[in-house]
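Next come two complexes, and both contain chain A; in the first it sits with chain B, in the second with chain C.
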Partner chain A sequence: MTKELHRPLPRSWWLRKATYFQFMIRELTSLAVLAYTGLMIWALLSSSSDAADFPEFFDFLTGPLSVWLHMIVLALALFHTGTWIALTPKVLVLWRDDERVEPDVIAGANATLFLVISGAVWWLVMG
Partner chain B sequence: MPDQVLEVFRYLPDSEAESRFDKYEVTYRDNWVVLDALNHIKEHLDPTLSFRWSCRMGVCGSCGMMVNGEPALTCETFVRDYDTETIKIEPLTHFPVVRDLVINMDDFMEKLPTVSPWLIRDQDDDPGEGEYRQTPAQVAHYKRFSMCINCMLCYSACPVYGLDATFIGPAALALAERYNLDSRDEGHADRADVVTAHEGIWECTYVGACTEVCPKDVDPAGAIQMLKLSYALDWAKGFVMPKGAES
Partner chain C sequence: MSSGRDRTAPLFWLLFAGGGTASAMLLPVMVAITGIAVPAGWIGEDDLAALLRNPITRIVLVGLVFLFLFHWAHRFRYALVDLGLGWLGKQAWLFYGLAIAGTIVAGLTALRL
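Coming up: the complex of A and B.
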C-alpha cells in the first residue's frame, strides 16, 4: 500500500482567506458581548440596596476609560449583531407558493425590527 | 498564443518521501481551462503527472483541485482568468494525498451514506399504486440542495473539517436536508441520530466558505443552519410536549 501524504492545517489558517478572517473576527466580537454582559451583572450587583460599592462603580462608569470602552464594545457588538442578521435568511427560508422570499427581504425585515426595538429602548431610557 | 507557467504539486510516494512543486511552461489557447493545461502537460511534457478527471463539463465532480489556493473544478476554471505569474495547482486540502494531485476520498465516501441520502417511507407503498407526485412548489423547496455533484470542494474549503476530520461535513449534511425537505420523504426522525450527533450539525461554526466555493450553488452552509433550526425545534417540542413528540 502506498504511503499517503497528510497535510495538517497550519495555526495561521484563518489568515489565508478573507472569509476565514471575517469568521474569526465575528467569533472574537462575541467576547465583547460577553464582557458587556459581565459589566451589566456588575451594575446590577452594585446597585442593589445593600451594596456598598455603587459609588465606586458609578465613578468607573462615568470615567473616560469607561466611555472609550463603551464605544469600542458598541462598535464590536453592532458588527456582531450585523453578522447574525445577515445569517437570518439562511435559517429562515420562507416561500410564497413556489417562489422563495428574497433573502434580502428577510435580512432587511430583521434589521428593521432590530432598529425599531433599539429605538424604543433608547426612547424609554433616554426619553 | 500566450504562455503561462503552472506550478504543480508533485508527490511520488514510491520514489520520494517529500512532496515538491514542478514548474511547467505551457502555451495556451484562449478557451483552455486549467484541466486542458494539465492534460497538455501530461501528454507533451511529463507523462508521470497524475490527476483525476472525467466529464470535462462540471458534472462528474472528479477534477476538483486547489487553484492558487482556492478549491475549484479545473474543468471550468479558465487559464486566461489568472494574471498571476504562475498558477499554483495543488490537491484538495484536508484530504490525504495518494499521488500528485490525487486525493484519497474514502472518508467522504464513507460519510455520505450515514445520513441516509434516499427517500425513507414509514411504509413501503405498493409500486402498483403509482409514483409519488409533487407540485413545482414542493420540488422548489429542496431542488437547490439536490444539485450536489460530490466534488468535495466544500470539504476542502471547510476549516472545521480540516481541524477535525470526524465532522460529517457540508455536502453530506446538505444532502440530509435535501431529503428532509422532500415532500415524499418521511425520514426526518430517522436521520436525527447522525445529523444531530457531535460530529454533525453542531460541529459547524458557520464559516460559510463551503457555500462560496460550491460550483453548483448548493449552499451547504444554509442547509446546515436549516437543519440546526428544524432539529432544535424538534427538541423543544419534545421538551415541552414529551407525549406529543412520541406520537
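Coming up: the complex of A and C.
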C-alpha cells in the first residue's frame, strides 16, 4: 500500500497573490450570472398573463436595492466578458494558409462582436 | 459505464462554453437595460411589460436561462472544489438538477402568455 503524498492547501490560497485572486473572481462571476438568471425568471413569471405582480417587479427594478445589485452584477459581468474574450484566441486557433491568425486579431474580432451585439440589443429595446 | 470514464463530461463542458459565450456577449447590455435604463425612466412600465410579453423575447429568455444556468452550475462547481469545498462541488446532480429545474420553470412560465 502506498499512501498518496498530499500537502494540504489552506482555503485562503487565492488571497495570496493578485493573479490567484483574479482567477477566483473570474470563477465567481458565475454567481452574477446565476443572480441575473433569477431576475430573468422573475421577469417571465411576473409578466405572464395570469400574474398580477408586474408592478411589484417594476417597483423592485426602480428601487435603490436593485440599482446597487445591478452595479455589482454589471462589474462582474464586464469582468467575465473581458476574461472570456481574452481566452478566445486559446480556444479558437485559426489558420490562414500556413500562417496562424494572430491571437490579438481573434480577441479583437470578439471584442468588436461584443460591442456590435450590445449596441444592437440596446437599439432594439430602447429604439 | 464499463470504462469508468464520465461520458457526460463533454456535454457539460459544451453547455458551460455556450453559456459563457452567451453571457459574455449579452449580460452587460441586459444588466444595463434593467439596471440603468429602467430606473432612469428611459423605458416605462408598460413598455417593459410589452417587451416581456413579446413571444420572441420569451423564447430568447428561456434559451438564455438554460445556457446561463448550465454555465453557472459547471463553473461554480469547480470554484467550490478550488475553495476547499469539494464535497459540495462534487454533487453534480445538485447543480445540474437546479439548472434543469430553473429551465423547466422558465419554459413553463414562458408558455403562459
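Basically, the second predicted complex is superposed on the first by the 121 of 127 C-alpha atoms of A that agree within 3 Å, B and C clash if a C-alpha of one lies under 4 Å from a C-alpha of the other, contacts with A are read in each partner's own complex, and residues count from 1 in each chain.
Keep in mind that, in the parts below, contacts are C-beta pairs under 8 Å (C-beta built on N, C-alpha and C of every residue); 3 or more make two chains touch, one makes a residue touch a chain.
All of these numbers come straight from a predicted model, not from anything done at the bench.
By the touch criterion defined above, A:Phe114 lies against chain C but remains apart from chain B after alignment on the C-alpha atoms of chain A.
By the document's definition of touching, neither partner reaches A:Phe21: not chain B, not chain C. More residues of chain A are touched by C (comparison of chain B with chain C). Contacts of A:Leu9 after superposition: both chain B and chain C are touched. By the touch criterion defined above, A:Phe58 reaches chain C but does not reach chain B. By the touch criterion defined above, A:Val93 reaches chain B but does not reach chain C.
In the superposition on chain A, the residues of chain A touched by chain B in one structure and by chain C in the other are 9, 14, 27, 91. Interface residues of chain C facing chain A in the complex, by the touch rule stated above, are 17, 19-21, 23-39, 42-43, 45, 48-49, 51-53, 58, 61-62, 64-65, 68-69, 71-72, 75-76, 78-79, 82-84, 102, 105-106, 109-110, 112-113. Residues 2-7, 9, 13-14, 16-17, 19-20, 23, 27, 87, 90-93, 95, 97-100 of chain A are the ones that touch chain B when the two sit in their complex. Within the complex formed with chain A, the chain B residues making contact are 11, 13-14, 19, 69, 93-94, 96-99, 104, 135-137, 139-141, 159, 162-163, 205-209, 212, 219, 221-222, 225-226, 228-229. Across the interface of their complex, chain C is touched by residues 9, 11, 14, 24, 27-28, 30-34, 36-37, 39-41, 43-45, 47-50, 54-55, 58, 61-63, 66-67, 69-71, 73-74, 77-78, 80-81, 84-85, 91, 113-114, 117-118, 121-122, 125-126 of chain A.
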